[in-house]
Amino acid sequence: MQNDVIIAGFGGQGVLLMGKMLAYAGMREGKEVSWLPSYGPEMRGGTANCTVVISDRPVGSPVVQHPRSVLAMNLPSLDKFEPMLKAGGLLLINSSLIHRDAQRSDVTVVRIPANEIANELKNPRGANMVALGAYLGATHAVSTTIVEDIVRETFAGKPQVIEANIEALRRGYAMAEGSIQAGEKT
Amino acid sequence: MAKKLMKGCEAIGEAAVQAGCKLFFGYPITPQNEIPEYMSHRLPQVGGTFVQAESEVAASNMLYGAAGSGERVFTSSSSPGISLMAEAISYMAGSELPAVIVNIMRAGPGLGGILPSQGDYFQATKGGGHGDYRVLVLAPWSVQEAADLVQDAFDLADYYRNPVMILGDGLIGQMMEPVEFKQGRQPCKVLSPKTWAATGCSGDRPTNIVNSLFLDPEVLERHNRKLQAKYDTMIRDEIRCAGYGLDQPYDVLLVAYGTVARVCSTAMEDLHREGIGVGLMRPVSLFPFPYAAVRAAAEKARAVLVVELSCGQMIEDVRLALEGTRPLHFYGRQGGMLASPEDVAGKVRELMRGVTKEVSRA
Amino acid sequence: MPQIIIERDQCKGCELCVHACPQKILAMGKEINSKGYFFATVAEQKQCIGCRLCCITCPDVAIQMRVSGTMYHYFAY
Amino acid sequence: MPETVFSKPTALAAGQTHYCPGCTHGVIHRLVAEVVDELGLRERTIGIAPVGCSVLAYNYFTTDFHEASHGRAPAVATGIKRARPDLIVFTYQGDGDLASIGMAEIVHCANRGEKVTVVFVNNAIYGMTGGQMAPTTMPGQVATTCPLGRDVNLAGYPIRVAELVSTLRTPSFVARAAVHTPLHAVQAKAALRTAFKYQAENRCFTLVEVLSTCPTNWGVPPVEATKWLAENMMPYYPLGVFKTPDVESRAPLPLGPIGAHR
Amino acid sequence: MAKKLMKGCEAIGEAAVQAGCKLFFGYPITPQNEIPEYMSHRLPQVGGTFVQAESEVAASNMLYGAAGSGERVFTSSSSPGISLMAEAISYMAGSELPAVIVNIMRAGPGLGGILPSQGDYFQATKGGGHGDYRVLVLAPWSVQEAADLVQDAFDLADYYRNPVMILGDGLIGQMMEPVEFKQGRQPCKVLSPKTWAATGCSGDRPTNIVNSLFLDPEVLERHNRKLQAKYDTMIRDEIRCAGYGLDQPYDVLLVAYGTVARVCSTAMEDLHREGIGVGLMRPVSLFPFPYAAVRAAAEKARAVLVVELSCGQMIEDVRLALEGTRPLHFYGRQGGMLASPEDVAGKVRELMRGVTKEVSRA
Amino acid sequence: MPETVFSKPTALAAGQTHYCPGCTHGVIHRLVAEVVDELGLRERTIGIAPVGCSVLAYNYFTTDFHEASHGRAPAVATGIKRARPDLIVFTYQGDGDLASIGMAEIVHCANRGEKVTVVFVNNAIYGMTGGQMAPTTMPGQVATTCPLGRDVNLAGYPIRVAELVSTLRTPSFVARAAVHTPLHAVQAKAALRTAFKYQAENRCFTLVEVLSTCPTNWGVPPVEATKWLAENMMPYYPLGVFKTPDVESRAPLPLGPIGAHR
Amino acid sequence: MQNDVIIAGFGGQGVLLMGKMLAYAGMREGKEVSWLPSYGPEMRGGTANCTVVISDRPVGSPVVQHPRSVLAMNLPSLDKFEPMLKAGGLLLINSSLIHRDAQRSDVTVVRIPANEIANELKNPRGANMVALGAYLGATHAVSTTIVEDIVRETFAGKPQVIEANIEALRRGYAMAEGSIQAGEKT
Amino acid sequence: MPQIIIERDQCKGCELCVHACPQKILAMGKEINSKGYFFATVAEQKQCIGCRLCCITCPDVAIQMRVSGTMYHYFAY
């Protein structure tokens, strides 16, 4: 079984960090993982993305042209990666910054108002955690408890944000899991 | 030591430290800046020294001095920077100095771009510098393998008293994967003390001279033949390659090295699902090149497809291996464009359908 | 009298002009321009003395200055 | 009707640069362009871009350009000027480019007295590659390859290029300016104008070192960066003119005969 | 113009002048010092400029600037100096600049020695620098041919907007032979004005930018393919080689370039007297290499003997040409040792007697 | 019984050098060897030969040696000293080697403050390659690549290395001496002794420029050559100590503010 | 028909010049010629040599291992090149500086006291001209008149030596021619 | 009293010592040594004041000096 996802957004949105935490978690679970950042000139353009592969078997290509999931934190990212998404794949949209609908009809779409939720939680910089939680909720790619441990380690430097981020994770998780089930019901 | 998620560049730096290397001389260049940056904070922790050289020319000559002093030392750069080391690499080979040189290739020619490439295969394997010399070239396809090969590289360099090059691409340098550093790793070669090094002469032996100058042509010819004999030993003992899916029957043999080989391996699996038999041969040592293994693997196939992030350089060695015994096809991307499993699989399908034409014989 | 025109999409919101203006009549806007930057605006055009320090300090040549009926010559700096 | 008393110079191309917000590379670009325009040299001016953040300078001017290999712009400039002495040739180089890898080329270009203009942008860091130590990095300044700050006992002191070049015997014009405030920019432009004027008159080699900011890699906002420059760089890198073609030699004399110093 | 007895180095310098080259940038190194020395007094006579660069690195970048200004320019050096030009050559190829580079090879590796060698074949033909690029390489076997090829080199460089290298050895540089410079020589290619050169922009055209940087990978890939297409045209149109004694039957085909080919030609005559049939194929363009011609000539022979003043570099291209169709043998000298006609003839006799063993297949 | 008060130092190897008759490379070799002996450093001294007439220096000393590529001896020295700080490291370089192709390496080696000793032999010519112009060739001096004499308008003025290096801020010991007369040789030895002493004390980077003759390529007999050196080189290349570790900085200050000079 | 000769001696003896003049003469006669100097480290050693080939057909190898003639101006040169001489070849020995006899019996040996003769002619630096003349007298490789023209051109700078050198040439020529004929008679 | 020994085969005949000797008691010989050089010789050993200038100036360390019963110390130059 392999999970792979492209996470993309503005440089400031911490998409590379999200990907790293995901990969860390996968490794903790004893899975094979790879994390591949974009480091090209587009970095200067202010957009960034990374590809994370989590698999039971050694990871083949770290380059994924048609990912099973795409997590779009802003519009340019959605525009760029929606077409690449595998048929039947998962498209996670940060509806706080992306106001258009998905164009693909052959994929599962989950819209998460990551920034709003983060602001609600008085944790404006936590939008990426909400989104990460959402990805986990929608895919169960790795266990949330492990991801929560990793949040604790990652932010060990600033304890004040730890709980807020974990809360953000959980909100995203619940929301996405819910909407997936809802989708399945209908 | 537990597995750690590391960037390839960091893993390469740590591997050097694990191999007992306490000296790094280098100059920044994308996409390998994380190597000097890692060494600049890591080496002081182990009582080592990091020096940011004024240029790659200087860095490679600092390498010469440190290696000639009998210490383990390495440098890293990317394509244009490696070109600037050509003279010094030829000098190190001529003076028989052990040193490790990492090239995290970027797209060329000229300033080119900063994205991944394999355009320096010729430079690495046929000698970018002047004169008859060779460097041992190892190409990793994963972060773990990069770490392992770097450690072997130091042993091989010491054993053969010759520069060893790690040839990686931007992906290897930038991607993160779990890495494990085995405790109590043993050298991959039996190493003898460096009695040849210039470390001060009390008179109990003739002076040690680190040198590549031999004005007398007869002496220089002897020296050249000695070097060739050494390279022949490498050809005999140091060939490394890995085959995948070669036990089952296959119509097409893929030949690729480095990260693209992983892309090929995924393509291979996808194709298997479609019932298309594909094998993959991955050279790990580029010099010495696994000619025999490639030829043997090709005999089972109807055609061979070489995949490179270049305009086709390794393919020349593959052609030398095949000597016209199998139709040869090529799929290459350049400029930092990456090959995806879909691309490769597509090319194989075309090939099966006889759509793509053979690369013209030399 | 001098007129300061800030080209919103040329501005990268570095605030150097705001800092440079002796009259303190420039300010950062609340809006984002096409490049995603909060861009500078002229708060009180009237009080502009036309010293051009903002223009001179702007790394992105986002500030133009026009004058109508000047009586003195601008130093070619 | 209103007259425009400040706008983009003709020698500067339309459109936006890729420079970070508040990076004074942009100011220096504009000053060079204004001088080229004002001296009426645009149509016969050839620029040479370095390898550094200003590598794309060739897109930002309306003059013909060369993109040189890292540090070799002075050699490229020599090639151009010797091939076409009628052209006005300037290099635009960062401190890593000129003072580190390109040290031999700048010293010899200056010493041969090539009739070119070197615009040397000293921002005490390697900007493009993400903030490594430069030869001009200040003592104690943190960079990615000196995480604990530049240690002068291991890396030595910052190199003062204007001072170094001005000690050569061959006639030249050498100055250091800054652009972190508008008034400094005004002076910088004056220095650049003199440099291009001397070249146009075929007088001598000309070099203007310009202290510049790198907010991104210094890790401070643009306005702070201008303060950091003033407080940290200016005391070590004094501004002014170090050499003019009529000043014979600025090389130091011996302190005394051998042995005397002991 | 009447024949003049000239040293190869001087003939090369004069040929450049005759080709309208008014610019030389270079740095002294044996055995080609006579080239810069000649240019330093000759160029002022024709209103040209000689600059002694501070190094080969600087010289090659001065070349870049002068070539980018649309002027004919050349430099010369010997092996270690050429290594230092690797980066700039890659830049010139990437920026599509026409320039002529002369390498009077000396023995290596490292500082090696100053006597003749052919040890830089790989560096010249497979690209000593980084990235996918090629330089057109021409190898003269006489002083007259050196003069002729240098003049063609300027035309070819301008036509293809690519560096062209003259690959000679110490003998070519140092020996004297009669040379004739034809009056009113016509370019060997139809040349168009250098509208791409950076010579000042009045606004009537977009600015001309001499550049090899293309940050966008798709653009850089296109650029690479454009360059490859150019190299393919060279392969189609610029192959040069000369055959000797190929009309009569022969058992052994000799393949050699440069001055050793002359040694071979004499050996060939001596052997003919003994009734031993020998043919000689001499590649003149090393890139593009005359694969087809070599293979065709080999089909008539029972075995092929490659002779080089190296440990065997061109032999790889010969092997690519033969693809195993003929047994391949090698005779090489290194370090400045020269092959004599007697040596070559002796090797051929051995070969006929089946004494020498084939060079091991790759 | 008679005592020997002058003979070949231990650090100098037996046998003859390949140097031309009267070439003072030989004197400089002996002085270095004597200093190494007298300071008792021989067993831990590593020499670095350049590419130049002294390329075979590794045969003339009884210490371990490296043969560096042309101009890069200071980089090689850096590599050795950083690898083995306990060793005494010296480079022996000609003016083409150090001042032309090796300019970047010497400036940065000095600026990093590497604790090594550079013996810089300035003979105003490229000796080994047969008399081409060096960066140190005197104005008007004929060389094979300036057959009409060095034209300062095309090739600039000779580079004064001691002066150039002594302007760097990093502490160092820099001196210039000569060996064309025995008394000058005595001073030269004193300077070399101080340099090696400072290195042994791990004080600072040390460089001694030594004016030397090249009778062969100057085209005059050895005795004339010593006169030529005194008359032509000494006035332009003053002897003495240019910098000691305690002298803070010798970089020139600005002549005045920008614009003032016009 | 091909003539080839290795001329060797001390650096100061002007052996390279002799070779050049010979090659010039050959060229004037419309022959194909090549002149190949030794430029290796031995130069420093103070000995020099050059190989001259004069032929009716394009010159093949400019490198000659077994020359048809060897002209030895000093002992080291004789030691080095005598063994290489082709059987039946010509060995010219400058007997002024070489006191040993030739060891080869399968070659024609001509001994010329070049320095004595030159001194006789009050032209001590003309020993090489004597030797060159001797080579011509023994081989008739090129016409002497042409060589004499070349002497005139070569020394156009210092006319005073021209006649002396031509005289030297002729003396060498006569002497060698004589001894050859003598040899043939017996 | 000082004794000057010139190693004939080490000498390259450059004459620097002859030139350097304040007593002018060194001279070039008429013989050639094994290397083909006319080598230096001591004309009048007696007048040698033992200043060692010849030794110091010799590029080829061909000159040795011995003294018997010196009463003063030689400066370590």
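Here the chain labels run A, B, C, D, E, F, G and H in written order, and each chain numbers its own residues starting at 1.
Just so it is clear, a residue touches a chain if its C-beta (ideal position, glycine included) is under 8 Å from a C-beta of that chain, and two chains touch if they have at least 3 such contacts.
Values in this document were obtained by computation on a predicted structure and should not be read as measured data.
Separation of chain E from chain G in touch steps, taking the shortest path, is 1.
Set against the C-alpha centre of chain C, every other chain centre is closer than that of G.
With B-F and E-F as the two chain pairs, more C-beta contacts join B-F.
Note: centroid distance chain C to chain D, computed from Cα atoms, is 27 Å.
In this assembly, the C-alpha centroid of chain B lies 38 Å from the C-alpha centroid of chain D. Chain F and chain G, compared by their mean Cα positions, are separated by 44 Å.
Contact of a single residue of chain E with at least two other chains is seen at positions 30, 51, 54-55, 57, 80, 87, 91, 95, 110-111, 113-115, 211-213, 215-217, 336. Across the assembly, chain D contributes 55, 67, 69, 100-101, 103-104, 108, 112, 135, 154-155, 190 as residues in contact with two or more other chains.
The set of chain A residues that touch two or more partner chains comprises 40-41. On the chain B side of its complex with chain E, the touching residues are 57, 79-80, 82-84, 86-87, 90-95, 105, 107-115, 117, 119-120, 122-123, 126-133, 211-225, 227-228, 289, 291, 310-311, 313, 316-317, 319-321, 323-325, 333-337, 361-362. By the touch criterion given at the top, residues 43-46, 48, 55-56, 58, 61-69, 72, 75-84, 87, 104-105, 108, 112 of chain F touch chain B in their complex. Interface residues of chain F facing chain E in the complex, by the touch rule stated above, are 51, 55, 67, 69-71, 96, 100-101, 103, 126, 128-130, 132-133, 135, 144-147, 154-155. Chain E meets chain F in the complex at residues 27-30, 33, 36-37, 40-41, 50-52, 54-56, 80, 110-111. Those residues of chain A lying in contact with chain B across their complex are 20, 23-24, 27, 32-37, 39-41, 59-66.
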